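What follows is a set of structures to go through.
Consider the two complexes below, in which chain A is the common component and chain B and chain C are the respective partners.
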Partner chain A sequence: MLNINFPKIDKKTFNDLELSLAEEKIKINIRGKNKDFFTKVGKITSIILPTEANTSSSNEKFNALWLSPDEWIIYFDGKDTNKVINNLFNEISKLNFGAITDISDHWVCINIKGRKTFDLLSSSSPFNFNSFKKSKNNVAQTVLNHTDVIIHHKEVDDVNLFVRRSFAEDLWLWINDSARFL
Partner chain B sequence: MPNYRVKKTDYVDQTNRISFKFDGKTYFGFKGDTLASALLSNGIHLVGRSFKYHRPRGIMTCGSEEPNAICQINPGTDLTEPNVRATEIELYEGLEASSQNCWPNVNFDIGGINNFISPFIPAGFYYKTFMWPKSFWKNIYEPLIRKSAGLGKSPTLPDPDLYDHKHIHCDILVIGGGISGIIAAKIAAKSGSNTILIDDKNTLGGSTIFQNNENFKINDEISKDWLFKEIEELKKLKNLTIKTRTSVAAYHSYNYLLAKENLTDHLSKNNKTSNIRQRLWKIRSNKVIIASGAIERPLVFNNNDRPGIILASSVNKYLNFYGVICGENNFVFTNNDSAYETALSLFEKGIQIKIIDIRKKTNSKIVKRVEKLGIDIYWNSTVTNTFGYRKLNSIEIMNLSEDGSNVIGKKIKAKCDCLAVSGGWTPMVHMHTQSGGKLNFRESDQVFLPKELDSEHISVGSCNGDFELDDIIKNTNEKVKSLLNLKETEFEKTYVSCTKELDKRNIWLLPNKITLGKTKSFIDFQNDSTAKDIKLALREGFRSIEHVKRYTTTGMATDQGKLSNMHALGIISETAGVKMGTLGTTTFRPPFTPLTFGAIVGRNVGQFFDITRRTSIHEWHIKNNAKFENVGQWKRPWYYPKENENMHQAVQRESKAARDSAGILDASTLGKIDIQGSDASEFLNRVYTNAWSKLAIGKCRYGLMLNEDGMVYDDGVTTRLGDNHFLMTTTTGGAANVLSKLEDYLQTEWPELDVFLTSVTDQYSTVSICGPNSKKILIKLFPSVNFNDDDFTHMSFKNSTINNINCRIMRISFTGELSYEINIEAKYGKSLWEKCIEAGKDFNITPYGTETMHLLRAEKGFIIVGQDTDGTMTPIDLQMDWIVSKKKYDFIGKRSLYRSDTIREDRKQLVGLLTEDPKEILEEGAQIVSNISKKPVEMLGHVTSSYFSPNLNKSIALAVVRNGKKMKGQKLLVPMENKNINVIVSDSIFLDKENKRLNA
Partner chain C sequence: MFIINCPYCGERDQSEFTAGGEAHIERPKQPTELSDDEWAEFLFMRKNIKGVQFERWNHAHGCRKWFNVVRDTTNDKIHAVYKMGEKPSID
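Up next, the complex of A and B:
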């Protein structure tokens, strides 16, 4: 039996702020341009990929985040990666309609919620959250304390922050330290 | 002692008494005071000594332009800070400050001797004096100059304070909370814009908020009362953020500004603890309104630097804002009407006041009022000298000639302990120019004004050259309206009644009976530059203001010439006969006022100094005593010392174990890029120097990537996972750059290719096991996999599972040993590693770090990009001709490989080096020469990698040597500090050239 080890991220609560590790999640990087690609993704996940920059679309199971005109991340709760990924891979990658890559372990998801969520993010992200925070389903690719992150505004004052696994613990320590000063 | 606190004001709470220490003596002030106002209220004028001549200096201004009153705060503690302006620090209980640049004390300073030898040390004397004799430089001149340099003492202990950064975005940023800033902010916020108003003081309102004068009325109210109401209304606006105690330090392109907010500097020591001291705001604003005001100019005359000589507007502020008078026998010395406000304020308080005006006569409203009150005015006159060593006690006045170029008549000596000077106003255009804005010159009052070309920022108020109250309100309203595209505002019908200046007269250097060489007419008070110095610079041939500045050090002190630059320009202009507008200004560089290092670095100190990346196996490495090396941002295990081993011993043990039995390495940090698409193999053909089309599924191949200039950029092994699916590995440090470069090529150069790239560096943990027993360990871990050499050849891979978890096993080697790499999802990385260690116990499996990895690969002659290459090496230079396809139509860098320079045979080439003494280890970076006696010594190359190999029992090195390929067997020298090391050029492969171990 192989044990699972996630970066050390404990649940923490501060005034108007709650931080926690939001794993396990399946994350799939999908890339493609043509009509078949969109059709296949729609058929397998029942989701229409967002084409407006920095937005997301969701259904009961899947969240799809726009990353670039031909790149998205689909993420959802779960452990068994094989079924959905294999489906997508066989229907898209193998047929040369696009590229499907499992990145479940590449990114770590940290959930930040509370009234001071965006105060925290503004401490070290140059991104303008003024309009971002007003509506949900927005996506930002920015840096937080010099670390690349993807921010998904899931609900009002409730974001999923994706950070590369290797940076996760370092960023987590910084987030904790920052939260003290809000 | 006379009481200098003569008045109660709205801004100083005289019920809240505060004690503080200056130069070890306890004084008292009130809440709301600055250190400067508190000192003045105690009759203290002498607060420091000047930089060069150590002349006694006193408080001269009330703002950030202060050149003299710069103090050491909290001396002798970890909170100490030099060069803090007494005019800017708010008084708090427990504040301790001391004067700077004096010894033993400010009243008696040994350095004062410089004042007496000043004729021998004019501007630029050190450029000439310290030229000879040469031997004096190191032991006499340099130590002496270093000892004299600088003001104040830097803290030697770690700063215990906390600092922070924060980003903020807005529609409109208003810089400056004076009357024009208040109007601009109100219009902007009321128009619905998300607005930020910033002011460096703790109270909004600028100089109008204490303008209690019948001559200045707005809508029939005294200007200060009208403004007070406006501020109260302003504070209620919801989309307006007001930040006081915040000063803009820098204005960069695209309306990106940095502002420092003081959060605890004004609090008593007990209240400061565990709070953030200063926050640096990083502001991005759609539009910026600069309302930073103007600075009053001093006047340049003999001995114009004595304590007690203060700017007229500052004397006014000390009286009307802080309730403090600066002297009992006051003179106002001016060339304009604004100083008459000071005279009126002092007169109304019953303080003795007389006026010296260089103008011949004027009949403006305020002047008439002064005359009506019976205040004496010396028209067409100038101060020719001042007296009093530590404090001004008298002045000498003379009449000016008709043209103002000379003085005439009798000298009048008058008792005076406060001389309020005013030479007009200089708009603060620093922010405008920092943003890239240009300047115009207005001849009538000799000021530089913002030349506005874009619609993203404007300047309003006195920083835009509007010095009269009615102009300020009218023009601010019009400009803000235009900026925001508004039809009308609430300020359209604002009625202003104010005095208007009718006559102007400006003389940059006031005349004197004494020749200039014998006067001390200061221009830059902090750096002790005089008018004489400027003229000397001109005589010595300097014409450009930038050159004069550097020769005389005018404008180079901590105040950056806020008071001095215009006078320097004026004197150059007059002396050289050049129009002032054509001279231009020196460059206004950020920061506007000094920033603390703490504010600059924010919280990126200690554990947050730099970001770090960790592999999923990091915890195991820590538990097993790994020493870490920074590779890019990764923390990689460097070596694993046992008991008392040093690095050398650990590396020797680790490398021996890897060659003799089995070693294990965490290779997770290598960059990994997933490549998919029907043109994936064509893409690799274009990216790498070798051919990829025929690589079979399940096989791996080493590739070398070049830059467009043909120089080696990166390398790694790429594996074909499927028909149109590859996994590329890159160097650890190069991963991000390689991905960016490849994505850039796909988007801009080869958009026709059907290829998609995805970074999967963090997706997989990679465990590398090498050594003659590695196969046995792998068999234990993966019993179902056929590891037979015929079935699982070198440079191939197999998919497998371990405990039902998918993984990839690759047979590739960076050590020259039989070697396998296992890729597994990162969350299982640590667990897999532990399983490998467990399975390898019987074979003495030994974890090894990057240092051993480097040694093992050097034995085999494998290069490390970045260590054995430096951006100037082609594959041919590396003796890797075999990897450059001659058949391929093109690949990145191909054309450059055939340039005349890259095909030269005498280029530096990678070779091996063996020392004559096999125990002697060369230093990496050491130079290589052939003949040390022929001068100048010709450098042939340098050592790139060097180790002692326990497996070969001798020292080995890789080096780049000019024409190295043809030098095999030749003897060369590596000169070191105490000896020359003899080396022989060898093949770069030291071990197992036949690849027997690799294919074992």
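Up next, the complex of A and C:
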């Protein structure tokens, strides 16, 4: 992992909302579509990649988010990160079964939880959260305050919001500002 | 503003997409055998139909996949959405 500075994000609590930086997480972008690719990912991470659109799958350690029919993000906390990435890279990228890219430093994870989570997200997103918020493990790639985001509904009223590093501070400031008025 | 039913992600607002122009334009098999006019016709000339038009769209802020849309340009009504390589369900 590169020695980069994450944006200065302190935990904030508002009425029915709690915002925090959920770092340092390891995020891996994986792409592939053949049977060997799925087998290798399953063997290394013990996770079945979700093939249904806008969903995710998780185990005790890994979370796999569907991004498109042949693309996923796997994210997790952990110390033996190099081992996982190297295993995936050696077993998949090197053998041309797919592509593994470490994007830990490209994306920042912001955790938002509380009863007004979806009120906050709805206030500046074109995405319809009505069915999304009803069940956990849903994933949405959309726009929030003109910024591309990936939203993982991991628990009830508890989402992990992934945003590109260079947009993170701007979005964080907007989230804080918006949360004050809910 | 209108809703587009992305064949991969489902219904999303049009602001998540970018339009990619006319669909089903085939690149000439032997470009070197074309005259300048024929090459310019392929490269630059596009229909701009008032009515039902076949278009390419990209879900730029979502799955980033390209697909085709049959859209009425007069009222933005979408008649069909289908993946690249597939045939449209209407003529």
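The rule is simple: the second predicted complex is superposed on the first by the 176 of 182 C-alpha atoms of A that agree within 3 Å, B and C clash if a C-alpha of one lies under 4 Å from a C-alpha of the other, contacts with A are read in each partner's own complex, and residues count from 1 in each chain.
We adopt the following convention: contacts are C-beta pairs under 8 Å (C-beta built on N, C-alpha and C of every residue); 3 or more make two chains touch, one makes a residue touch a chain.
Model, not experiment: these values are computed from the prediction.
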item	value
Contacts of A:Pro69 with chain B and chain C, given as first, second, both or neither	second
Between chain B and chain C, more extensive residue contact with chain A	B
Partner chain in contact with A:Asn87 - chain B first, chain C second, else both or neither	neither
First, second, both or neither for A:Phe167, with chain B first and chain C second	first
Which of chain B and chain C A:Gly98 touches, first, second, both or neither	first
Touching partner for A:Ser124 - first (chain B), second (chain C), both, neither	first
First, second, both or neither for A:Ala53, with chain B first and chain C second	second
First, second, both or neither for A:His106, with chain B first and chain C second	first
Partner chain in contact with A:Thr142 - chain B first, chain C second, else both or neither	second
Intersection of chain A interface sets (partners chain B, chain C)	71, 126-128
Touch list for chain C against partner chain A, complex	8-13, 15-16, 61-65
Chain A to chain B touching residues, read off their complex	1-7, 29, 31-32, 70-71, 93-94, 96, 98-107, 122-130, 145-147, 164-167, 169-171, 173-174, 177-178, 181
List of chain B residues in touch with chain A within their complex	162, 164-169, 194, 276, 282, 284, 603, 607-608, 611-616, 619, 633-634, 669, 674, 676-678, 722, 724-725, 754, 756, 758-764, 802-803, 805, 824-832, 835
Chain C-touching residues of chain A, taken from the complex the two chains share	53-54, 67-69, 71, 126-128, 141-143, 148
